[in-house]
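Take a look at this one; I'll ask things after.
Residue numbering begins at 1 within each chain, and the chains themselves are lettered A, B and C in the order written.
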Amino acid sequence: MLRAAIALLIVILLGLAFHADGAFYKIGTHRDALRQASVYGILACGMTMVIITGGIDLAAGSILGFTAVCFSMMSIWWSWPPWMSVPASLAIGAICGGISGSLVVWPRLQPFIATLAMMVFARGLAKTVSGGVKVSTALPNGDGTFRYVQVPEFFRFIDSRILGGNLSMVTVIFLLIAGLGGVLLARHIWGRDLYAIGGNEEAARLSGLPVKRSKLLAYVACGFCAAVAGICQAAQEQQGDPEAGGGYELSAIAIVVIGGTNLMGGRGHMGLTLLGTMTIGYLEKILSINAVPEAGRLMLTGVILVAAVLTQRRRRF
Amino acid sequence: MHRIFLPVLILILAGCSGSSKPEGAKTFTIGMSQCNLGEPWRVQMNADIDAAAKKHSNLKMVFKDAQNDTLKQRAHIEELVSASVDAIIVSPKESQPLTEPIAKAYQAKIPVIVLDRAVQGDQFTCFIGADNKKIGKAAGEWLRKKLGPKATVVELKGLMTSIPGQDRNQGFRSGIEGSGLNVAFEADMKWLEPDARKEMESALARLSKIDAVYAHNDPGAHGAWLAAKAANREREMLFIGIDALPHEGIAYVKQGILNATFQYPTGGAEAIDTVLKVLSGQQVPKTIVLGSRVYTADNVEQGGEALP
Amino acid sequence: MRRISKRFGAAEVLRQVDLDIYAGEVHLLAGENGAGKSTLIRILAGTLSADEGRIEGSADVAVIYQELSLVPTMTVAENLFLGRMPRRWGFISPSELAAKAKEWIDIDPHAIVGSLPIGMQQRVEIAKAASRNAKVIVMDEPTSALTAVEVEQLFTLIATLKQRGCGIVYITHKMEEIERIADRITVLRDGQAVASRPAPQLPRAELIRLMVGREVNEQFPSRTPAIGSERLRLKDFTVHAGEIVGLAGLQGAGASQLLLDLFQDPPKAISEGVALLTSDRKTTGLVLSMSVTANCVMAGATSSWRNPAAERAEAQSLAEMLRLRAASLDMDAGELSGGNQQKVALAKWIRTKPTLLLLDEPTRGIDVGAKQEIYQLMNEWSRQGVAILLISTELPELLAMSDRIVVMRRGQVSAVFSHAEATPEKVMEAAC
């Protein structure tokens, strides 16, 4: 925890040093840094659970895209109210996660392969159901012309701000998810199962833990989080882009690792992921307000990733 | 990788394209090799081609999507040659590596229309493309007319490692040269809307006054507008983008989000026209440069206005 | 080694320890679980660095670690010569490798180490250290998974090594071994060397007193079994409530497999009151990356939500019951000493209140004092009507604790003896 906090602290110090004419001191900058990291953070919450079991979920970004498309179709095309579209989208995400999880649990595919398959499949699904175009408020009439509808109220609600405009709703959603996930991991027996499975699956099995079920549920949880992220993404873009979330799974994995959760499984917790999300969010923001060119950003991000993970390293006795 | 499942989409598109043909008329099969259907603009290109082809009952289209893979596109072109299609339309992913397969098709006496991205040499029937530099320049000149000198502009660039990104940047800069317009913030948004929104948030944090946002594509301009709207500053500035796809840029102009969008034409309809001309033995020019249109709130209902 | 000190965080594990190793001599390290023996030899081997103190003389050391350090996915031969494979023009020659491996060990050199039973793995580990031709060879509880015959082979090997002028550091909790091979004994207690003398000057009772710091009755506790109704019926024998049935047999005779078969569906077995203590705590017993507490309360959860306070209290009482030596119950199980890990693996099953206990080497790596407590625990359980199936490679322990002995050979039961009938000779004869 302390070490993850150090990485975040270093990044914030960087921000204080390169404050871009005082832009870093504005409260809005911090709100925006957290907003832009929130979708990654929500994905990372689910990813944390899977990584604790010693697995990985490469499908998270594609499931985000697929659920963003589904949610937009329900909300914009079919005008479903949120109490229908939200649960339906979450269920779709959870089912996608459940499929990857089943592949990991029953045919015992490597998580990397199972979720890679789900990754391409879900992306294909997203493009198929959307017809390859963004699901936006421009409704096709079928003859090349378009009809325009209002952005659904619920989209605006998710993209709104609270606390006098100083906190984005998506950040609130992220914090809720992280809190819920954190409690499950630390206090629920299922969370404990995940640690045991990641630490020593055979010992967990021989202790009578429901290894298969718990592992499957980790992927379901990851799919669920991806769906939450998909809803947030769609609401913020005001459309469902079938390409949305491409590569986000890697950012989510990076966040989990920067937080200090071990990729080998068995260790880590949600608090670390929270810190990791903030680290990545602030890093991106600082590079952005200083208008660092893309090439420099990529290199700097690489360097800081390694530096952050090195500060995390448990001291070897 | 995530494009593996696109063939499903292609099948659907291809399935739509069959239309009844009158007895006796000779039908022509036309192969279309698209480099990447992951981009909405290219989806539009295929749609334009398909729509144009449907107007002629003797044309049968075969669509192929190389999923952003040069070698796959090469294989597609070779397949079309061995299937002895009557004409090939190809929108190449890369110029150099696809020059030879295209030349081979041309030498096999199949008319080849190259769309959007040119290949080297002259071993093709006709190149149809638009000029990104010209469009960028038009955007710059348009802003120059709208804004006084010393106005502050934010430029949200596509990928600066791509030729369209570079051209849209250079054209724009030449368009505003000497006007006193000041590009106070510029950043790569990688053609992506969420990234454009992030970068715009930073621009808003840094600049207390912004007069215009120029984005290299319409989704980028839309992302910037969302950021400005969230900061309650969207009325302070103009938003302009490029591409003018019907469901993106043009829709945004109609909704009052963008002040202008500059069309980057797909050339789909022109490609079918050219194919028909070639098949009926007419002479066609080696290069056709597509004109562009600008769409603003005033002219969008009239179908925009052609750029000089 | 001079004045070696080592701390892990707040826990002081070694305090100013001296250790002298002479060529041609077996230097025995004795001490309770967690006294710091393994830590000391890890410092000697250089895999840990001391906070204070120094090592004098050449440190050409080969170590047989307590927690095995083989590469499970590689073959026996590859493990033996890891890092020093015989090469020909830079290529490894498998046939030559196998031939060289045969000089040191009579296990199929092409077998994958991970698929071998733990005892065979232990022999690979021994052969690996011996073939290194090091000046000093350290053996940390090498016999904890070996059968009597294999132990004899090891002792012959040690004699050869001594003749060659090797210095040997040997750690064990087995008194018989100490008496047989020790030339010099150093006793560690709470990280301090409390005595270092030639073996003849340290009689057994004195040694135990120095190790444990109190008198320990080394006798096996007497049993007055109260046999109840039948608890388990198998093809060749039955186990009754309140009865301890010992399973004897050579490595691979199928005794461990028998226990695993009884535990094929763990949740179901546990709900039926069965508990299995596996023979290898590291790979199948514990989750080393979880806290001691979490391991203690892992099996048989009753509610969906965890209660940290209750878990901690429960782990605390289990730890006291088994005299667990841990700096904190929040430390990772992997940071415990070997014997203490074994205690946690056992503690896990106490809370599920089993009626049929399957114990595969329950005292493996456990010190004299704690062994007594485990024996008493077994007696206590059987008094409460628990049926126990016990496997132990330590024949005296097996004979003393079991009401009946079932001998297995090649997966089949070859003989059944009552407590009174069973003698080491009869059991060995039936097993071979």
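Keep this in mind: contacts are C-beta pairs under 8 Å (C-beta built on N, C-alpha and C of every residue); 3 or more make two chains touch, one makes a residue touch a chain.
Everything numeric here is computed off the predicted structure, so don't read it as measured data.
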Review point. By mean C-alpha coordinates, which chain is most distant from chain C?
Key: B
Review point. When you take the mean of every protein CA atom shown, which chain's own CA mean is nearest to it?
Key: A
Practice item. Go ahead and note the Å separation of the Cα centroids belonging to chain A and chain B. Key: 31
Check your understanding: If you average the CA atoms of chain B and of chain C, how far apart do the two points sit, in angstrom?
Key -> 71
Review point. Between chain A and chain C, what's the gap in Å when you average each chain's C-alpha atoms?
Key: 45
Revision key, fill the gap. The residues of chain A that touch chain B in their complex are 20-21, 23, 26, 28-29, 32, 35-36, 39, 62, 116, 119-121, 123-125, 127-128, 131-134, 136-138, 140, 144-146, 148, 159, 161, 233, 236-238, 241, 243-244, 246, 284-285, 288-289, 291, 293-294
Check your understanding: Residues of chain B touching chain A in their complex?
Key -> 1-6, 8-9, 12, 37-38, 40, 43, 47, 51, 159-161, 185-188, 190, 193-194, 197-199, 201-202, 204-206, 223, 226, 230-231, 246-248, 250-251, 254-255
Revision key, fill the gap. Touching chain C in the complex, chain A uses residues 186-190, 192, 195-196, 198-200, 202-210, 266-267, 317
Check your understanding: In their complex, what parts of chain C are in touch with chain A?
Key -> 8, 48-49, 263, 266-267, 269-270, 276, 278, 283-290, 294, 298-301, 303-306, 308, 348
